[in-house]
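Should a chain be cited, it is by its letter among A, B, C and D, assigned in written order, with residues numbered from 1 in that chain.
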Amino acid sequence: MTTERYDIYKEDVAGRANVSDTPELVQYYKDLEKFEAGALWNVANKIEPWEPKSQSVPVLWRYQDLREYVLRSVDLVTPEQAGRRVIYLNNPGRQDVSAAVGWLYSGLQVMHPGEAASAHSHSSSALRFIMEGSGAYTVVDGHKMTLGANDFVLTPNGAWHEHGVSEDGTTCIWQDGLDIPFVNAMEAGFYAVHPDLSQAVTFPVNDASHIWGNPGLKPVLHDWQKPYSPLLKYEWEPTYEALSRYAKVTDGSPYDGIIMDYTNPLTGGPVMATMGASMQMLRPGEHTKAHRHTGSIIYQVAKGHGYSIINGKRFDWRERDIFCVPSWMFHEHVNGSSSDDACLFSFHDLPVMRALNLYYEEALADNDGHQIITE
Amino acid sequence: MTTERYDIYKEDVAGRANVSDTPELVQYYKDLEKFEAGALWNVANKIEPWEPKSQSVPVLWRYQDLREYVLRSVDLVTPEQAGRRVIYLNNPGRQDVSAAVGWLYSGLQVMHPGEAASAHSHSSSALRFIMEGSGAYTVVDGHKMTLGANDFVLTPNGAWHEHGVSEDGTTCIWQDGLDIPFVNAMEAGFYAVHPDLSQAVTFPVNDASHIWGNPGLKPVLHDWQKPYSPLLKYEWEPTYEALSRYAKVTDGSPYDGIIMDYTNPLTGGPVMATMGASMQMLRPGEHTKAHRHTGSIIYQVAKGHGYSIINGKRFDWRERDIFCVPSWMFHEHVNGSSSDDACLFSFHDLPVMRALNLYYEEALADNDGHQIITE
Amino acid sequence: MTTERYDIYKEDVAGRANVSDTPELVQYYKDLEKFEAGALWNVANKIEPWEPKSQSVPVLWRYQDLREYVLRSVDLVTPEQAGRRVIYLNNPGRQDVSAAVGWLYSGLQVMHPGEAASAHSHSSSALRFIMEGSGAYTVVDGHKMTLGANDFVLTPNGAWHEHGVSEDGTTCIWQDGLDIPFVNAMEAGFYAVHPDLSQAVTFPVNDASHIWGNPGLKPVLHDWQKPYSPLLKYEWEPTYEALSRYAKVTDGSPYDGIIMDYTNPLTGGPVMATMGASMQMLRPGEHTKAHRHTGSIIYQVAKGHGYSIINGKRFDWRERDIFCVPSWMFHEHVNGSSSDDACLFSFHDLPVMRALNLYYEEALADNDGHQIITE
Amino acid sequence: MTTERYDIYKEDVAGRANVSDTPELVQYYKDLEKFEAGALWNVANKIEPWEPKSQSVPVLWRYQDLREYVLRSVDLVTPEQAGRRVIYLNNPGRQDVSAAVGWLYSGLQVMHPGEAASAHSHSSSALRFIMEGSGAYTVVDGHKMTLGANDFVLTPNGAWHEHGVSEDGTTCIWQDGLDIPFVNAMEAGFYAVHPDLSQAVTFPVNDASHIWGNPGLKPVLHDWQKPYSPLLKYEWEPTYEALSRYAKVTDGSPYDGIIMDYTNPLTGGPVMATMGASMQMLRPGEHTKAHRHTGSIIYQVAKGHGYSIINGKRFDWRERDIFCVPSWMFHEHVNGSSSDDACLFSFHDLPVMRALNLYYEEALADNDGHQIITE
């Protein structure tokens, strides 16, 4: 290509690179390439942007669109063939890494009564949020947990885990959330199939909830050294009750209404090192203000209907819909009901951003904190 | 006294001091005293004991003995005169520091409906455990908490606090627990009376419970930097329920049955830096094994009846009785009922022992782990 | 393309996805694409690899190759045009993100006496390792540090910083190391030019070394809350002396000889949250064993000559050469001298791997721990 | 005694106890005593003081007074008889616990060339500061350290340790500092004589200094999980050099001149959990301002001469003298030379005060921060 350009990122700003191609320079650049090197000034403005510009785009996935496809997968492939029957969310800007947004993977998995996935473990961390059906369960390192709609469960990195639906249950669909793209990017992805394809349940069912799910109380005996929450399962009912109680004594967040983080009860920190999760309640008629921050978020509508505005575009949502907010994009939420609350479950990589001092946040200053809808 | 002896602690063991008085040495010792000095070998075996020997003695305080005296105080002194109408527990071995055991103070306080103590703060940390009555409340730095029987509440060091009983309540009696003797020993005791003798309630009543009392959930907004639990109040009902749930999935501790620590939900650690608290359930017919550890404990019987054996002596207890276990004394507990559980509330200085690497523990090896009752 | 395939990643292993394309399935996949979704089983084996396979390749950059190009840049571009005159290392597998390896950027920067770069700050973290010349200095948030060959200095994220060479110095070349690719990948890159293009030196020169560079001692007065090492500069002379002293009392690491991490003296942890650095000494004739671990490393030869074997390929190095080891590739090092030690400076992203529980390590089991050279 | 009084602590201040004895009340109090109980209002003002009033008194121990007695002990008792030949400092207010001040023990120990104390361990933590002689050494868990004048060494709780002087050394005297009184008060004192009365040196001599005594560097291999500093020995020469360097870039503390804490290089925290140590330099002619804080301090004059004012009393000191400052007493220091610096070594229980949130500090407000000398 005779017209190759090297000076495409130049900026005419003091302190920024601003070098125009000349024949001598171009020859110099070509010479450098032989030594696996280049001139920084040609890429400096590209790799040192003034502020983040996400490769992801905001997307809303309607449950009514996806549900039938998810259910059809049951007829199309067996669990043995597919490993897991999952339809994953594929952000147009992140198809190279199969991410729903940023470095987060998400998919909708279906399972029929009596089915179970084979047990495996991986260096990725995972979570599930139950969308419909009864009888679902997850086993983590011998701890079996039964799951109902809107329950949230962890399958952390390094743990043997498997999912299933009991014989007396109904067809179940849940959302999976994983940091697979991130762990792959970090070149630290390991995967192992359990030698028996299935693990024994070696603890009483739901023992983690009985041991660790008591507010302000901790067993004297049970030690826990693993770097994630021992609670593993967070049920919907006490979560909704917690938000309702908390709502009575707080004005809430201007950006998120009544919002709580799921936590590791032993540290007060996030449930896992690479992914956190939250549940928020938008009060009847609530319209929050816009802010933006680094880090990516995937939301699922746990209750109610409304809309969110993300970088100037409106996304209408109803129960079970999923949408994402890419890094450093303004977002605000609106409860569409004037009489009932709406609840949004979300998971995100904010624990990574905070652990590495990369969390930045900014409120929208103009227009009383509300975005102009441009799309 | 012409026959003063200096060699009273000598031991005939290799590595221990074993110096007998001689006229020359005695003169040498007397000379040293002029310079505020002494010979270590005369006290070495005293100040470096082979193992701890507590100055405290085990004591059981029967509620039926003390209750009438506590109630009589109402007729004998006014709150204004007395500051607080409290009968304190005075261990025979610790009367010089007014301690119930070790460095822990405890007393029984009474208050009539409509009464309130004046607001104050101190560098000591305090807790209360409600014994009887309705309408009790505590205010801590503007947070008001309502309290019922077996509820446990913190008034940490440095916090303005006051106690009262509402007009529509009944006469209330509660146990106070403080580290006053310890803080005095550390020569760090400060005390201040609130300038208005009373503080304003600036938060919604019981807000701390709504904000921090949700298992596995934490408000995103509320930051807390103070070195003690933000939960402040721990109610009896969810505590008893937690023990009951936990009992289903654990064999329990051989020494304590079903035992849980009250915790700071933001750290998983003790409720305050100098005092921890626990609740334990002895299952019907349970007889635990004996162990001993450093640190002092004060128990109150929250439910049921039974007995404990402390250093070979049996102490029978029933609901509301209080007893103490001094440092490094063997102790085991017996539920007197074969059909109902018994519950023991306790508070202790184990957080101090652990923070300073002074916690040691030992199981009784002989007699299948059970003490021979010698008294 | 009429022959598009979806089943290219299938594996015939229990627990892995193994679904072959059928016309019905292909139609199903195409339908899903309309909804920004896909079937997991088509990508599962790709995104859940059995173990990491780095996109980077091992590279050695010879200083004798690059030095003349670095020096020529002085004639080709002005500091004002270029921002900084830097030749960056461009790994063949990572040219899309301008990385030397993994998510790490590195470049060689040159500066003439009397020159100074404009002051700026960014959310990326940076470090410099001086290669040649005298009179170099760096200013970080008002702290000026003078630098000589093999000195190592931090310019952490969020700090205003600038580099220069004093009038009485000589032409200086140093290696820059930054986490720019990582911070961009995390979509958290911010950049700011100092309003005055230069900052005032507001502390005594080299004050950080005097305050924090004393072994086992810490000023009582100086508080430091920032999330990186206050020491900022690590000089060559005491570092080499430290390795020499340490060598006297240790057998060293089988994989790295005598190796020490640069640390934050207030935490004992890495110098910055996203990048760590180490210096290691290979004793005369030393040939280490091979191991591999997650995380990427960039080495610079600070002293001596020898070679390293990386994934079966031999790379010969001499003083000032730079080479990289991608994630999960076996590597071992050989000192080429039988009489003198050799020293390797390195920086890496191991603090990220450790903070997020993604650090895995494995020794080479075969051939007495030594690789077979295949290239 | 017919005239026993109970109301001796009453105060006529709102919020304080102010109850006068009456025959009825006295009978009530006597009844309570039968049940190991008492009325709080009789002791409340005693046990809840407005501010700390130390039981210790300030004392200065002149080395010229004590040295001959220390040396004479060699003729008076054998090491086998005495265990250790130590003259301990016995504060007039703390003779019941053999403390030099507060809960800190201190003594001067002498040893002749070729002598060694028997190896032992205890739950108390200890430190030594060498005063005179050559050839002293300490062994801690197999690590042998050689010691010269003004060197400071740790023998932490739980570690086997022994002291000696080599055959080719001279008579050595050092100061011992221990938390024995505190550990006894906490009823956690354990003591063990080494089964062989002596332990093997299993590491290279002074290995800890070579491994951990390098500023800003940490061996990658050596892990350390013990709750105290791995450095163990802190030599005088680098300490003095550190103070001199630090003095160039700081104004110093108004209360302490140029002061640094000895630290654990792995945490930046104190050398042991219960005792910290510091070294400070008073510049020529320096006269610091007065402040007071909770916690007790023992000083030894490492260099120079001058005086300190403690609670209004002047104490003149010269090299090797020892003096103490009790909790919450104002103190200020004066270097007696206008040409040379003076250095004070000190150890204290401030780590305890800080860990338990009991550290309080106050500057003297009056008289430009200087005390009026009243004694």
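In this text, contacts are C-beta pairs under 8 Å (C-beta built on N, C-alpha and C of every residue); 3 or more make two chains touch, one makes a residue touch a chain.
Which protein is which chain? UniProt says A, B, C, D = Cupin domain-containing protein.
Owing to the predicted nature of the structure, the values given are computational and were not obtained by experimental measurement.
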Comparison of A-B and B-D by number of C-beta pairs in contact, larger one: B-D
Chain at maximum distance from chain D, centres defined as averaged CA atoms: A
Whole-Å separation of chain centres (CA-atom averages), chain B against chain C: 53
CA centroid of chain B to CA centroid of chain D, Å: 29
Approximate Å spacing (C-alpha centroids) for the pair chain A, chain B: 45
Multi-chain contact sites of chain B, meaning residues that touch two or more partners: none
Chain contact graph, described as a line, ring, star, complete graph or other shape: ring
Full enumeration of touching chain pairs: A-B, A-C, B-D, C-D
Contact footprint of chain A on chain C as seen in their complex: 13-19, 24-25, 28, 31-33, 35-41, 43-44, 46-55, 59, 61-62, 65-66, 69, 72-73, 76-77, 80-92, 97-98, 102-103, 105, 107, 118, 120, 122-124, 157-158, 180-181, 183-194, 197, 227, 273-274, 294-296, 326-328, 352-353, 355-360
Complex interface listing, chain B residues touching chain A: 203-204, 206-207, 209-222, 229, 231, 234, 238-239, 241-242, 245-246, 248-250, 252-253, 256, 259-268, 278-279
